[in-house]
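Following this line, the structures themselves.
Same chain, two partners: chain A is paired with chain B first, then with chain C.
What follows is the complex of A and B.
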């Protein structure tokens, strides 16, 4: 890799010893010899297998649960319901004071999405657990469900999650995250052209090669060791501590190599119930998603809808941008309120626009809860914004790359959230990209710099 | 459930086990014998992470019944390095940055080994076809393809 030292020569620190140097990965010798230990490579004598009974309905009241037949099934050791979970209602981000707690470990009284965990069965073999799970009888009263975000926001829509009281996350700024900068209507009034477009995406599954799971073993001293492929060790440890009402000192979490995650393993889903199973049976427990569960139950990237309205001048300057973003959290929050908030901060793009107005909603629907995935909250936004930039350039007859040079933020520019831009290198990146792609731009753009002396 | 005896050689060593009838070779290797190098990714024959070599053929151990392997010679990635010296494929994967999470790597190496055993000088297309049953979700296939081609070149240089 070539380290370009001609850029920002007067401001750049040069005491770098790692950047630009090849370093072998620490874990790859284990990978190529098959010696790397993933959580499921551990096997303990007497280990029980946990299988979940899941809701076949998108939205339903639970009238009754009958586990008697399952409990009699050969090989079954324990059957767990909501009553067995010490603090059954939780939310992952409560650790950073983002509530309310809105999700059940095991469904209590109601299910809000198809696939929601209702009853956990622990048995001597995977097969026995599977067969017994099929014998659990749950009596459901099916309720009307809502799957579309704009439908969910309409008055009279079925209420998805009572812990919120409405089908959107209530931010401290109100029903959505807001960015207000300049006077967006004055900007549109002044613009030569206005373009409003709507963009939307589907949920995306991470599909890691190794499915989500954990193996728990009781240590005999009232401590439990949990081998897990979580991507968020301390979120998991602390949430488990809250859910099980056990001090963190009783919980020993062992991470290690994760067989693909991409954000799909940051939720706290498998560990609390597996540890509870180990606590109540005194035996090691493994809870591993089947491939089918991984694809259908694990939280995907949220579906999003983004409406972008831009006002642009004939000379290429964007003078106004109004964005309304909707993030489909599914039935529970998990990381989605944060994703929607990131979108609000991101929609001005890496561009200097004097008048900006942004609303982003985190919406609850009866769909699979969505959560983190590589750049969640901004990735679909970037797709929408950059397609919009190409359309704007075409609208006013400018080269799309030159159009971006005109609007690129540079050091000292004030961003829509009123932070001064620092350390921007967008101009330089675009200059290199235009060379690499043989995409010629006018000399005046090649002479520009993100760095402004004194900025 | 009826237990059945099964005997085979694994990476050159004799193994004998009693398994439940219907046990997948993948589970027998991992849970009974303790060779966890084949990985269970999908358990339905689509990801290739559990690939092993049985009597010279590339096989999916999640879809192979252990009891059908009586008398077979089975090779897994754990048995590829000899006396601590990496096989050229392992060395090439290491050098080419052809692993990230590593979960698909043992299956990839098995598929590549069967290819190189039969086709010492494969074309890029040969490599692509040989690895087409193995899914990688993080490294991307190009470094893996390059690693296999590099290993083939190293092999032919050694042979020359």
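What follows is the complex of A and C.
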């Protein structure tokens, strides 16, 4: 890595004692010698293992659940169903008033995706819990499912989630988060060329080295300590408090050393049910995802479909941009309504465009619920926007790098969500890339600056 | 049939924070009797190095070496509130909270030192090595160790401070979408060079040259580690990864690392990382959040390089050999 100190030297104070020093990480010796304690290294006498019975169907009504054989299985201590969960229907972002509550801790009456948790089995050993889980009999009436966002939005599509009433998240602005800036139709009317293209992604996995999980122990004073690898301690504590209808003072979460998260450990899935298990049995409980569960059950990055329509002038100026984004939330909200509107604020990217029109939809399908992941709401948008930029440049016969200089935002420019640009540095990044990659651009672009003054 | 070479560029920005929910983080700092400093947080270290960065931020602010700082984090019984480790917010939000707490603790430390040295606290400075000196008369000094002993055993003072950083919640305006969902922006520009085998559709990423602008590199080695890892993740996202190869069909999803494709050591591109620093007005020592941004520009840069190499656009991720071959076939047919 090279630090290029010649850029922005006039606005930066160098020469600090500790900041800017490449000190070795204080926890790395423990990590590389295997001595660091992760949550799963904690073992308590009498600890039970929790395994889930999961839906084999994408969408089905539950006619009945028979746990009698599982309860008789040697080693089984407790079997939990929806009836045992005090506040079974929840949603994580209800903490910031993003509702409605739309997801069940344990399925009640219906399953909406393949892999949804239906029954929790607590047993003396992992193997006994697994064997007993296989003995739970669930009678399903399979329902029509919808997996494609466009299909889900059509009238008459199977309704994925009754708590929403339609297959999209209802924002205060309506069926999508809108951004309106300038007059996009006037921009298209003025443009020399118009290009409309669609981009699509599929879900991807966070692939942390350490799978999601927690270990819970009752403390004997009516409190529960939960060792967890959550990415957000108080998100987890507060949601658990709601789900279990238990004062937060009874809950103690310990974490902070996590073997990779990338957004996959922001969901509150394992802790509430494990704490409930500990409460109802009076014993420590361990609930850790297998690698298969991590890959099949934990929330992936949402699949997205993005339609970008641009109006561009022969000289390279983009004069209008219309973006319609669709985020596949899967069966439940989790963090997806937030991601979709974060995307709306991100468009039209780091470019100054006078006329912008954006709609972003959070769509429900019978797929694995998606949620936060590194680059949440932005990564796929950047893919779409930057491939579109390449196409636009070639359409009007400009060098792709020079085309970006023409449109790059600078200090003081107003973005589509009506925030003034501060601290811009896109131009300088491109100037340095031009040098490093030996991709020359015209001298006038190398003389540009993100500072408005003198540019 | 040939191996064809192409290159592509992409430029991006990335927001720090999650203001659409209100974005608070708090920190507490106190000294032990021996003059070490304890930072108490609820922020989570995901392996990215949060603890080390908070230790350096606290050390710089108080004026001691980093190894005099201990981080106690992510215990809800002891730590004040943190929104969480996501949205590229960890260093930025928690860092600001630690600075505020450390400044308050430093002020108490200087007041105790001033009483010991019989000067005004405003006449004192730290040497970064564990000592407090009188400005202009460095021979008149006291160690932070002795200041802590004095505070605890003689003067009954607590060398401690409270830090709060809150970005108030932004509510998007319904009709225009006017909102402030984040604070500062990090920037990047990547140029990728690829080879595409037009017979097999296989893509080899030869080089990625990444320029990242991240406000300040608080610890350049750790910045490098995060940016190199992120760059790998971007390549992986562009060419390999999917939980649903036939999305929206749910079948064929991987269940382990044998089935879920990611680039191995033999697939690594030659990776060049260049860092620019334009300090953000509200960042701790100017830092912005590079954590998520660093995995994004490689994806479109590679897509554009594939087009440059073989003249087909793959607008669906991941850019698999199958998709390239189908597009080449369609191109040849038309």
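Note that the second predicted complex is superposed on the first by the 433 of 455 C-alpha atoms of A that agree within 3 Å, B and C clash if a C-alpha of one lies under 4 Å from a C-alpha of the other, contacts with A are read in each partner's own complex, and residues count from 1 in each chain.
Here, a residue touches a chain if its C-beta (ideal position, glycine included) is under 8 Å from a C-beta of that chain, and two chains touch if they have at least 3 such contacts.
Quantities reported herein were computed from a predicted structural model and do not represent experimental measurements.
Chemist: Given the touch rule stated above, what does A:207 touch, chain B (first), chain C (second), both, or neither?
Modeler: both
Chemist: A:258 in the overlay: touching chain B, chain C, both, or neither? Say first, second, both or neither.
Modeler: Both partners.
Chemist: State whether A:180 touches chain B only (first), chain C only (second), both chains, or neither.
Modeler: second
Chemist: After the superposition on A, what does A:56 contact: first (chain B), second (chain C), both or neither?
Modeler: neither
Chemist: First (chain B), second (chain C), both or neither: which does A:41 touch?
Modeler: first
Chemist: Should A:100 be classified as contacting the first partner (chain B), the second (chain C), both, or neither?
Modeler: neither
Chemist: A:75 in the overlay: touching chain B, chain C, both, or neither? Say first, second, both or neither.
Modeler: The answer is neither, since A:75 touches no partner chain.
Chemist: Answer with first, second, both or neither: which of chain B and chain C does A:412 touch in the superposed model?
Modeler: So A:412 meets neither chain B nor chain C here.
Chemist: Which partner does A:158 reach: the first (chain B), the second (chain C), both, or neither?
Modeler: After superposing on A, A:158 lies clear of both chain B and chain C.
Chemist: I want to verify the contact counts: of chain B and chain C, which reaches more residues of chain A?
Modeler: Greater contact footprint in residues on chain A: C.
Chemist: Residues of chain A that sit at the chain B interface in one complex and at the chain C interface in the other, please.
Modeler: 24-25, 27, 31, 207, 257-262, 291.
Chemist: What part of chain C is in contact with chain A in the complex they form?
Modeler: By the definition above, chain C touches chain A via 7-15, 18, 20-22, 42-47, 49, 51-52, 55-57, 59-60, 63, 65-67, 71, 73-77, 79, 81-87, 128, 169, 172, 174-182, 184-185, 187-191, 193, 209, 211-213, 215-224, 227-228, 230, 233, 237, 241-245, 247-250, 253-257, 260, 262, 272-281, 285-286, 288, 291-293, 295-297, 299-301, 303-304, 307, 313, 315-318.
Chemist: Mind listing the chain A positions that touch chain C in their complex?
Modeler: My answer: residues 1-5, 7-8, 11-13, 16-27, 31, 58, 93, 95-96, 98, 114, 147-149, 172-173, 177-181, 197-205, 207, 230-235, 237, 251-263, 265-266, 291-292, 295-296, 300, 303, 328, 338, 341-342, 344-346, 349-350, 358, 365, 367-368, 372, 374-376, 378-380, 382-387, 389-391, 400-401, 404, 408-409, 416-419, 422-426, 428-430, 432-433, 436-437, 439, 450.
Chemist: Chain A touches which residues of chain B in the complex?
Modeler: Contact set of chain B toward chain A: 30-31, 34-44, 47, 49, 76-78, 80-81, 86, 89-91, 93-94, 97, 99, 101-106, 109, 135-138.
Chemist: Quick check: in the complex, which residue numbers of chain A touch chain B?
Modeler: 24-25, 27-38, 40-41, 43, 206-211, 257-262, 290-291
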